[in-house]
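Supplied in structure tokens, the structure appears directly below.
Note that the chains are named A, B, C, D and E in the order they appear, and that numbering of residues resets to 1 at the start of each chain.
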Amino acid sequence: MADALLNPLSLTLSVQTSEAFAAPAMSLADRASRALESGVWGAVMYIVIGLVAVLTAVSVLGLVMSYIERKVAGHFQCRLGPMRVGPHGVLQSLADGIKLLFKEGIEPGDGDKVIFIGAPIFSITATILLLAIVPLAPGIQVVDMNVGVVYIAAVSGLGVMGILMGGWSSNNKWSLLGAMRAGAQMISYEVSLTIALLVVVLFSGTLKVSEIIESQQQGWWIWRGHGVAIVAFCLYVIASTAELNRTPFDLPEGESELTGGYHTEYSGLRFSFFFLAEFANLFVFSALAVTFFFGGWLPFHVGNYEGFNAVMDLLPPVISPMFWFGSKCALLIFVLMWFRWTFPRLRMDQLMRLEWKVLLPIGFVNLIVAATIVLTGLYFFPSAT
Amino acid sequence: MTVEVSSLKELVEQASGDDRSPDTQEYFVNMGPQHPSTHGVLRLVLKLDGERVLRCIPVLGYIHRSIEKISEHMNYMNCVHLTDRMDYLSSIMNNWAVSKAVEEAAGIEVNSRIQTIRTIFAELERIQSHQLWWGVLGMDLGAFTPFLYGIRDREVLNDVMEETVGARLTMNYVLPGGLMADIHPNFVHRVKEFIKYFRPKLDEYDDLLTNNVIIQERLRNVGILSAQTAVQYGATGPVLRGSGVAFDLRKDHPYGVYDQADFEVPVGTIGDSWDRYWVRVEEMRQSLNIVEQLLDNIPPGDFLVKKLNSKIKIPEGRYYSQLETARGVLGVFIASDKKDEPYRLHYRSPNFNNLWCLEPMIKGDYIASLIGAMSSLDLVIPDIDR
Amino acid sequence: MDYLFVFLFVVLGIAMVLGGIFASYLLAPRNPTKVKQSPYECGEETIGSSSINFNVAYYLFAILFLVFDVEAAFLFPWAVVLRELGLIGLIEVVMFVLVLVVGLAYAWKKGVLEWES
Amino acid sequence: MEREALQAAVCELDSAVSPLDANADRAAVVVEASALPAIVRRLRDEPRFAFAQLLDHVAVDWIDRGQFELIYQLYSFKHKHFLSVSVFVPREDPRVPTLCRVHPVAEWQEREVYDLFGVLYDDHPDLRRLFLEDDWVGFPLRKDYQDDFMLDRPR
Amino acid sequence: MATTTPDPTETDCPPMDFGDLKSECVAPRPSIMGQKRSLRSILWLSFKGILRGLLTTLSYFRRPSTVVTQQYPENRETLEMFERYRGRLSLIHNEEGEHGCTACQICERLCPNASIIITKDKKNEATGKPALDQFIWRQDTCTFCNICVLVCPFDTLEMTGDFESSVYDRRLLVFNLNEYAGPTAGQLDKLEDEELAKAQMKPMKKYQGPVPMCGGEMDGIPKLDVEKSTDV
């Protein structure tokens, strides 16, 4: 009753879920290790499936997201966006990709060539590793380790390396400035990102990604978190925008200031890897937000409205989780794009002040409040003891 | 007393050569000529410490077309079309400046219809120049969408002007002794429609940029230019008015039919980029007012008082005339030797003089602030180089 | 098995980039010239060397980050088992965080966060 | 102050100042080169003149007279009047003291004139080419300037 | 020896007096964080400003009618330029294909950048008056200042709205504007012998030498075959 008074929203979210989602979810890695018991080839098959899936996901995401971004930007700006290649320009990004493939990759003469080529590797690898843990639906997840959240926090820091290396090895002052900005910015916002995720870990009491989703069957954390989760979500969105280097936090690129920032010297396919990583990351970060705050693949239910819930469950069990996950993701991505095409960018000192003097203290207070709520049991939790 | 002529290379090598101290954190970097926010081919050689700008040396001449030299071999009517290519965002005002100088020198009286039409066009041109500036300022500060909104509204205005003039950028509409063509029959109606269209859009501009806290914090207390410094460094136009000096030739030395219009000169308070921003936004509103007042009573008359292929000769002497373009005072100096060609024609370009305020206002601040401050100066590079 | 996948993904990332570079090596023209390889400095020759001493302001933030990230790493296990630890766990972490916040406040007061050179 | 009155008042300042009547539309005076900075400084500081801004600096190459005329356009915000100050220097040895210390904007306006006319400004802190390259030969706005790229306009 | 730029303080300028240059309109200078406001109102105003910006862009996003992009090659049929648009110079020819140019060369003389070159037949054998041979217009150097149209005493020039003039070889931007070399329409009408009049109209091509650059040979640049060029 107490939590009902504290947060009327939690009342509206039901305890209702269909059986399909309660089934034990097994990631691809789990399946592979089970297959290993009966033979090597089964495991190899799963491994190959995983690798191919992630590889396709990175490329397709990069293409699709860049198309969507340009289309959305176009409509925000009273334009049409790409219209030439294919109907409504759907093949535009593919054409761009092919064009980039045929472009000469120019290397700076005095730069450090090994690091110069190594930089996109770091960016892409970080993206791939993060994509692997995104749960699209129960069982449709490549790895689902029991320390998933720690893994996310660890891997998302890897992308900084790529940008730092790229900017440093370019032997270009603008690139160097961009890389330095990126370094300071991305690591700073990493702290806020981690603290925001910690709030959800506190609520769900697990680090495993699939279990975090399942813990939201009685209601998404964004509703049930008594405002704490909403603050955490805002922190997460701001921090992830900064991690993604998108406006209003696109200082490392800072087109009008640093000409191109860390990727000034990159051309051809090498540039496209940064590009690909950026757009795939856009998906990954919104997917993680969906996972942590919006109940992942769980459908949208409103408590005590059985008819409404039944409509929400109309989709067949196989498509439904994917549909819900995808539409939540799309919504978040749209919001991030909306931000990008509306706001101007901050200045470096303002950016740092925002993180260390505003977001970080708020994050810590938020964390302590969340811990207090969890301890006192003042929130709506299904198996609360 | 000696005169030493140095070169840029010497200037820069002092601090960037191999023999500099290994502890120094200072370095030089070229900003421009091919930089997204120098809007053309301005080159700034920056001396930086980290992100702080210690010195900012403008290097000019990348788009110098020697308009003054070419004009010495042209008759006065032909000189006019070259001025389109100086400050291309106030081309009609440039045309008018030359025409005004020639008319004053040669004693040509133009009727009030010509003056009214010129005034209306100058104000429309001022609006479209500020529209583009507004969008570009947003783009410089990282918001791309305002740029396209600014361009979109400017396009509407450009259409209105194109219907009468026949060109969109290099208009060449005002000639010594009149106008190139009478206004189009649709003109008055379409300008009224534009005013009706644009007033709500100005509020939208406020929603998008003016009231956005990020923009305010990017511009406020950045690039502060005191009134005294602004005057001493030759600033005019919105830059000077942003610093609080209410100097506007339209008010203080009226020309055209500005004395018939009722308008106010917006001025800033402390002279930071935010003041200059706000002065320009306010100027758009004032210009709309001026146009609205003049539009309904354009007096009848000829649009050209002097035959076009007659030679205009100016008595021997030196003549100076100036008017207020969207960026400041454009002065035209004519030295005549009684021929139909100017002996010497010189333009005092507002941007050339405004540019020098950049270093005093930005010294010791960040690169990002430099971008904002430069944007608030609203430089048009071809006008600096001429 | 999870970590085998992680390892394989690292390999995949490297292979993807190198493969792409190899593909463009086969397909794209290669015609490096001195001008093309010179660093882009807005169309002018670079002034001096690009390997420069750089302002320390950036590094201070890196050091601050280290402290806070390590702290976050400690908080993960705590967050999972908070319910078993009970009030003691909360108090302990509050003290732990407080120590760091005091550090942050000190840095704040010292002007480290002011982004000054 | 009317144009004539202003002109007379300025001329009373110093014996180095004399009126110039060839200017059609504003008060104009001729100043001897050596006295220029002092005169302009007094014009700036004395409240009855208060010429706060150096609007413009123009040079004219009067090749027939063998002189450069350097014209400084001054403006007073207080009294809203203009003044044009001319200095005549010989073409062979064009030297004039700089006005940088009085009006900072003169630094660049004088650089422009140096660039295009080759007038040397004594004591100028940074006399460099402004528009043209540092190794450009000749001064293009002089009437006798010739180079290979100049086109003859068919008439 | 280069020193730093003079500081305004260095010029020992006393405080300036700007007299009565007072404006009635001091800009209101709206600012959220600048004025002394409570934290709450700062937060509220920032939030409001940001939200209104977002709503503005969203309002355009959901209204496809606000899209202003012209789909250019597709809308060629419906695209109309303003009648005064200065796209291309043309010599007016009447229905019988006769022009009115007397080759008086005023436009050539007054063209600021020598984009018009007129060659003429000093004394036409039939009319005994000067007749136009070639009216050459160099679009590559033209600045579309419209002076030639204005000064023409016979109103025989006009600017048309044809704006699609891009070519791959700039030598193709040099045109012959007259369709035939010969006397004006008025002079031809006076000739009673129609055969003779016809004979005076020697047909001219759009590109015809010798014209500077057009089709001519230059060092290192191959001769342009106007007939075979894909641009024509």
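Heads up, the rule we're going with is that a contact is a pair of C-beta atoms (placed from the backbone, for glycine too) under 8 Å apart; a residue touches a chain by one contact, two chains touch by 3 or more.
The model shown is predicted, which means the values in this text are computed figures rather than measured ones.
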item: Partner chains that chain A and chain E have in common; value: B
item: Which of A-C and B-D has more C-beta contact pairs; value: A-C
item: Greatest separation from chain A - chain, by CA centre; value: D
item: Central chain of the complex, centres being mean CA coordinates; value: B
item: Distance from chain E to chain B - Cα centre to Cα centre, in angstrom; value: 22
item: Whole-Å separation of chain centres (CA-atom averages), chain C against chain E; value: 53
item: Intercentroid distance (Cα basis), chain C paired with chain B, Å; value: 44
item: Whole-Å separation of chain centres (CA-atom averages), chain D against chain E; value: 37
item: Multi-chain contact residues (two or more partners), chain E; value: 2, 4-5, 7-8, 11, 13, 16, 18, 21, 50, 53, 56-57, 68
item: Per-residue overlap in chain B, given as positions that touch at least 2 other chains; value: 4, 6, 11, 27, 29, 35, 51, 74, 145, 152, 208-209, 212, 217, 231-233, 245, 247, 252
item: Contacts with two or more other chains, residues of chain C listed in rising order; value: 41-42, 46, 52, 54, 57-58
item: Pairs of chains, among all present, that meet the touch criterion; value: A-B, A-C, A-E, B-C, B-D, B-E, D-E
item: In the complex with chain D, residue positions of chain B that touch it; value: 1-9, 11, 60-61, 64, 66, 68-69, 73-74, 104-105, 231-234, 236, 245, 247, 252-253, 315-322, 329, 331, 333, 335, 343-344, 346, 348, 352-353, 355-356, 385
item: Sites on chain B touched by chain E in the complex; value: 4, 6, 10-11, 14, 55, 74-75, 77-78, 80-82, 84, 145, 152, 155, 159, 162-167, 170, 172, 180-181, 184, 204, 207-213, 216-217, 220-221, 227-229, 231-233, 241, 245-247, 252, 264-269, 274-275, 278-279, 282, 286, 308-309, 359-360
item: Parts of chain E lying in touch with chain A, wherever the complex brings them together; value: 50, 53-54, 56-58, 60-61, 64, 66-69, 71
item: Sites on chain C touched by chain B in the complex; value: 41-44, 46-49, 52-55, 57-58, 117
item: Contact footprint of chain C on chain A as seen in their complex; value: 28-30, 32-33, 36, 43, 47, 50-51, 54-55, 58, 100-111, 117, 120-121, 124-125, 128-129, 132, 142-145, 147, 149-150, 153, 157, 170-176, 180-181, 183-184, 187-188, 190-191, 194-195, 198, 201-202, 205-207, 259-260, 264-265, 268-270, 272-273, 348-349, 352-353, 356-357, 360-361, 364, 367-368, 371-372, 374-375, 385
